[in-house]
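Several structures are given next for inspection.
Consider the two complexes below, in which chain A is the common component and chain B and chain C are the respective partners.
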Partner chain A sequence: MDMVSMGLLAAMGALATIAGTSEDLESDVGSQSNPNSQVQLAAQVGHTHRIYNKAISGEPPSNALYAALAAVTASVLMSDPYGMNAFFSIAVGALVAAVFNGILSMTSYMGRNTSQARFNQHVYLDVLRSHTTTIMAHAYITAFCVVAISYIMTAPWLPIQHPFPLPVIAFTWGIALGAIGSSTGDVHYGAEREFQQYPFGAGLNAANSGDIVTKAEAGLRSSIDNAWFCAKFGGPVTGLAFGLIVFLDNWRTTIFDPATQGWYAILTGILIVILLNVYNRILEIRSKKRYGPYPEYVGDIKA
Partner chain B sequence: MSTFDASTLVYVLQIVIGGLLVGIGVHFVPVGGAPAAMAQATGVGTGTVQLATGSGLTGLISAGLMMSVTDNILLIVLSGAVGAMIMIDVTMLVGNWVYIYGVGVPPVAAKTDYDPITKDPQPPYISPGTVGHGVPTVSYVSGTIGGLMGGAGGSLIYYALMNINGVSGLSAFFAIGIFVVNAVIASYNIQGTIEGFHDPKFKRVPRAVQACFVATLIIGIFAVLIHGGA
Partner chain C sequence: MSVAAGGGESKIDKTKLTMYGLGGGVLGIYLAHVLNMVTGTGYFSFLAGLGAIAAVLMGADAVRRVCAYGIGTGVPSIGMMAMGMGLVAAWFGLAVAGVAGPIIGIAIAMGFGYFVGMLANKIIKMNIPVMEEVLMSLGGAGAMVIIGLSVVISGQIGYQDMLNDVVFTGYIAIVFIAGALAILQPFNANLGPDETQDRTLVLAISTGALGMFAAGIGSLVTVGVGGAVLTMLIAAAIWLKAFLWFFKLVKRDSSGVVGTGLLPEGGL
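Coming up: the complex of A and B.
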C-alpha cells in the first residue's frame, strides 16, 4: 500500500458516490425503473399527469449501455491516431452517452404517452423540453464518473492495473450501478414521493395502485419536483451505497497486495460481510422497536 | 485444427459448475420486483436478474484483478464471491435504510410467521394491503449466500475461459453472457419475486438445476470451442 493508491482509492469512492447520486436522480426525473409501473398505471385509473414517463429498460442495462458508450468513445479518442488527453476524452465520451440517453428518453416519453391517448394522457412539449435536458445532465455526470473510476482502475501509468479493458470494466460498473440505483434510491421515489397523500409509515396498499400524486404545492407536479424531493434522501444514499461498494471492494486489495497477501484480502472481505449482517440485524431490531406493530393487525401472532 | 484433450472436458465442467452455482444462487437473492419498490413486497425493489447480475459482476471485477496476479483457483473464486457478497450486502443494507428512514416501514417477511433465524414474529409488522417490505434478517442472510454463489460461479466461468485463451476482455464478456443466461433461467423459475430460502418458491430449485445444466452445457461447449479449446 502506498499513498498514491490510497489517494486514488479515495477518489474512486468519491466519484462513485457522485455517480450513484446522479444515477438515482436521473431515474427519478425520468420515472425509469420499477416506480414507472405506477406512472404508467396512473393514466389508466383516471389520473392524467405531467410526470415524465420513460422506461428505456431496466436501469442496469441502460446504465451499462451509457457507461460502455462513454468508455468506448473515450478509449478511441485516447488511442493512437487521436491521442487525446484522458480527461477530455472521458468528457467527450460522457457527452456521447448523454446524447444517446436524450434520444432514448424522448422516444420513450413520446411513445408511452401517445399510446395512452385513449386515457386522455397528453404529450407535453414543455415537459419534454425541460425534463429531457435535466435527465441528460444527470446522465452525463453518471457516465463521466463511472468511466473515470474505470480509467483509474485500468490506466497503464496508475498502480491498480486491472486486466479488463476500459469499456468492459465500465460496462460492468454500469450494470452494478444500475442495480444499486434500482434497489435503493428508487424505493424512496416509488414508495414515498409518488404516494405522499397516504400517511407516512406504510407500504403502498395494493388497492391504491396507480393513485399517484399529480398536484404540487402550487400547480401540477412535475418530475423535476420529484428529483428535488429525492435529492434529500434517496439520491444521496444511493451514492453512498455505490461509493461504499467501490471503496470497500477495492480497499481490501489496496491495503493487502493481492499477489502476496491474497488470503488477507479475502478474510478482510469476509469480515466486512459479517459486520454488515450484524448491522442489518441491529437496524431491524431498532426499527421494529421504534415503529411497533401496525394497529390494524388482527391476527393471533403476538408482536 | 486442434485436437480434443482432457483439459477441454475440465473447462466445460468448470463452466457448467459455475453456471449451476449462478442458477442456484439467484434463488437465494431476495427480490420483490416492482411491488417492492412501492414497499408492497418483501425483498429488494428490483428484478432478480438485475440484482444478481449486478452483484455477480462486481465479483467478476474482483476475480479479474486476482487472476491477473495469481493462478490459484481458490483465491480467484473466493475473491469473486467476496466481491459479490459485499455488493449485495451493501445494497440490501442501504435498501433497508430507505425502507426504514425514507418510507417508515420495518423490514418484515410475509412468507413465514416467524423468522427462521431470529424467531421474530412477522405478521404484526406487515403494513395493511402489502405482502411485507424491506429485507429482514432471514432474507439478508439468504441474499448473502446468493451473492456468494453468484460471485463464485461467475468467477469460475471466467477462470475456465481465461485458461483457454488468456484474453481477459473476451473471457469477461463471455462470463457475463453465461452468467446472465443462468440468471434469467432462474428468474423464470421463481417468476420474478422470492423472499429467500424460506420462501415456498425455493423448493423449485431442482427444476432450475436441470434447466441451467442443459443450457450451460451447450453454451459451455460452444464457449470452449469459440475460445480456441479442444
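Coming up: the complex of A and C.
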C-alpha cells in the first residue's frame, strides 16, 4: 500500500461523505422517496400543504440517472476530440445532471399537486421557484462527488484502474448512494420531522397516515425548513454511512492486493460485517435499557 | 379503477397508441440507419431519437393503465421491469439478427412481457386483467427505447458497432436509466385521483425528449459534432414545446396555480 493509494482512499471516503449528506438533503427538500407517500396522502386526508412533492422515483434510480448523466457528459468532454481537463469536465457533467434534476422535480411538483385538484391542493409557483434551485444545488454536489469517486477508480493515470467504463461505475455508485440515502436518511425526515407532533420512535399508526405537520413555528412549514432540520443529523449520518461503505470497501482491497491476496480481502470484508453486526446489537440493547419501552406500551416489560 | 392511484378515462385508445408507438419507433430507428448509411453521415441519428419518443408514449400509457389498479409506489418498479425485459431482448435481437435485430428484439421483448404477465396472473395470482397486454406493450416499448437511444449514439444498426459505441464506452448506463425514467416519470409525476391521460402523455413527450438529449450528449464522440448537435437541438425544441404544453394543462386541470398564498380549506 503506497502513499498515493492511501491518499486516494481518503479522498474517496471524504467525497462519499459529502455526496451522502447532499443526497439525503436533496431528497428531503423535495420529499422524495419513502416520506413522499405521506406528503401525497396529506391533501387526501384534508391537510393541504406547501411542501414540495418531488416524486421522480425511488432515490436509487434517480441518483443513478444524475450520476450516469454527469459521468457520460464528463467522459465525452474528456475524450479524444475535446480533451477537457477532468475537473472541469466533471463540473460541467454535474451541471447537466442538476438541470435534468430541476426539470424532473418541477414536473413532479406540478403534476402531483394538479392530480389532487379535488382536494384543493394548489400549485404554488413561489415554492417551485425557491425550492427547485435548492434541490438542484444539492444534486450538483452529489453528482460531482459521485463522478469524482468514479473517476478516481477508473482514471488510467491513477493506481486503481477499474476495468469498467466511467459511466457504468458512476451509475452503480448512484444506485448505491440512493439506496443508502433512502434507508438511512429517510427516517429522520419521514418519521421524525413530518410527524413531530407524535413521540419519535412510536411508529406510524395507520390512523395517522397523512397527518403531517404543515404549519411551522411561525407561518407555514416549507421544505427548506425540513432540510434545515435534517441537516443537523439525518444528512450527516447518511453521509457517514455512505462514506464508511466507500472507505471500508476500498480499504480492504487497498491493503490487500486483489490479484494476489484476494482471499484476505474477502475475509476482511466478512470480518467487518460481523463486527458491525455485533456493534449494532450492543447499541440496540443499550438503547432499550436506557430509554425503555414507550409510555403507552404495557407489554411484558414494565413501563 | 383505484382513486388513490388515479388513472381517469382514456381519450386516446390504447390500440391506437400502441400502433403509433410501434410504427413510429421502428420507422424512426430504420430511417436513421438507412439515411445515415446512404448519406454516409451521422446527421439523421435524431430520427432514432424521435422513434424512441414514440415508444416512450406507448410505454407511458401502458404504465398508466396497469398502475391505475393501485400500484402506487410500484410505478418506478414497473418502469425498471420494462427496461430490464427490453434490454435483454433488444441486445439478443441485435446479436442474432443483424439489421433485422430491432424487429426481432422488439418481438422477443413483447413475448417476454406477455409471459411475465401470465406468470404474474396465473402463478402469483395477482389477477389484474390487463397485466399480460400491458407488460407486452411495456416490453416492446422498453426494447424500442433501448435500441432507439442506442442508434442515436451509434448512428447505425450493427451489433459490433453498437457494442463498441454504446456498451464499451459505458453510455449504455445513460441509455438504460434515461429510458427507464422517460417511461416511468410521466405517470409517476402525475399520480393522483385527478390524473388525466393527455397531461401524462404530454409529459411523456417531454421526458422522451430528455432521454434523446442525454443520448445526444453521448453521440458527440461517436457520430460527430454535427449529428450530435442536431439531435440535441431537436430534443431541446421538442422538450420546450412539451414543457410549455404541460404547464398549460397543469393550469387547466389544477385547483389553482397561484404565485403564492396561504393554505386553502381541504377538499374533504
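We adopt the following convention: the second predicted complex is superposed on the first by the 292 of 303 C-alpha atoms of A that agree within 3 Å, B and C clash if a C-alpha of one lies under 4 Å from a C-alpha of the other, contacts with A are read in each partner's own complex, and residues count from 1 in each chain.
The working rule: a residue touches a chain if its C-beta (ideal position, glycine included) is under 8 Å from a C-beta of that chain, and two chains touch if they have at least 3 such contacts.
Bear in mind that the values here come from a model prediction, so they are computed numbers and not experimental data.
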Exercise for the section: Have a look at chain B and chain C on chain A after the superposition and call it: clash or fit. Expected result: fit
Fill in the blank from the handout: For apex chain A with the CA centres of chain B and chain C, the angle to the nearest 10 degrees sits at 70
Practice task
Based on the superposed arrangement, let me know which partner A:Met110 touches: chain B (first), chain C (second), both, or neither?
Solution key: second
Exercise for the section: Could you look at A:Val168 and tell me whether it touches chain B, chain C, both or neither (first, second, both, neither)? Expected result: both
Handout entry: First, second, both or neither for A:Val76, with chain B first and chain C second
Key = second
Problem - Which of chain B and chain C A:Ala202 touches, first, second, both or neither - result: first
Practice task
Go through the superposed model and pick first if A:Glu284 touches only chain B, second if only chain C, both, or neither.
Solution key: first
Exercise for the section: Go through the superposed model and pick first if A:Arg118 touches only chain B, second if only chain C, both, or neither. Expected result: second
Practice task
Check whether A:Leu65 is in contact with chain B, with chain C, with both or with neither, and answer first, second, both or neither.
Solution key: second
Handout entry: Winner by number of chain A residues touched, once chain B and chain C are compared
Key = B
Exercise for the section: Could you tell me if A:Gly185 is touching chain B, chain C, both of them or neither one (first, second, both, neither)? Expected result: first
Exercise for the section: Please work out how little space separates the C-alpha atoms of chain B and chain C at their nearest point after superposition, in whole Å. Expected result: 5
Exercise for the section: For chain A, give the residues common to its interface with chain B and its interface with chain C. Expected result: 37, 58, 164-165, 168-169, 171
Handout entry: chain A contact footprint on chain C (complex, rising order)
Key = 4, 6, 72-73, 75-76, 79-80, 168-174, 176-178, 180-181, 184-185, 188-195, 199, 203, 206-207, 210, 214, 217-218, 220-221, 225, 239, 243, 246-247, 250, 253-268
Fill in the blank from the handout: Per the touch rule above, chain A residues touching chain B in the complex are 33-35, 37-38, 58-60, 160-165, 168-169, 171-173, 175-176, 178-180, 182-188, 190-192, 194-195, 200-209, 233-234, 237-238, 240-241, 244-245, 248-249, 252-253, 258-259, 262-263, 265-266, 269-270, 272-273, 276-277, 279-281, 283-284, 287-288, 291, 293-294, 296-297, 299, 301-303
Problem - Interface residues, chain A side, partner chain C - complex - result: 37, 40, 43-50, 55-58, 61-62, 64-65, 68-69, 71-73, 75-76, 79-82, 96, 100, 103-104, 107-108, 110-126, 164-171, 214, 220
Problem - Residue numbers on chain B that touch chain A, as the complex places them - result: 33-34, 36-40, 44-47, 50-51, 53-55, 57-58, 60-62, 64-70, 72, 75, 78-79, 82-83, 85-87, 89-107, 113-114, 118, 120-130, 133, 135-137, 140-141, 144, 168-169, 172-173, 176
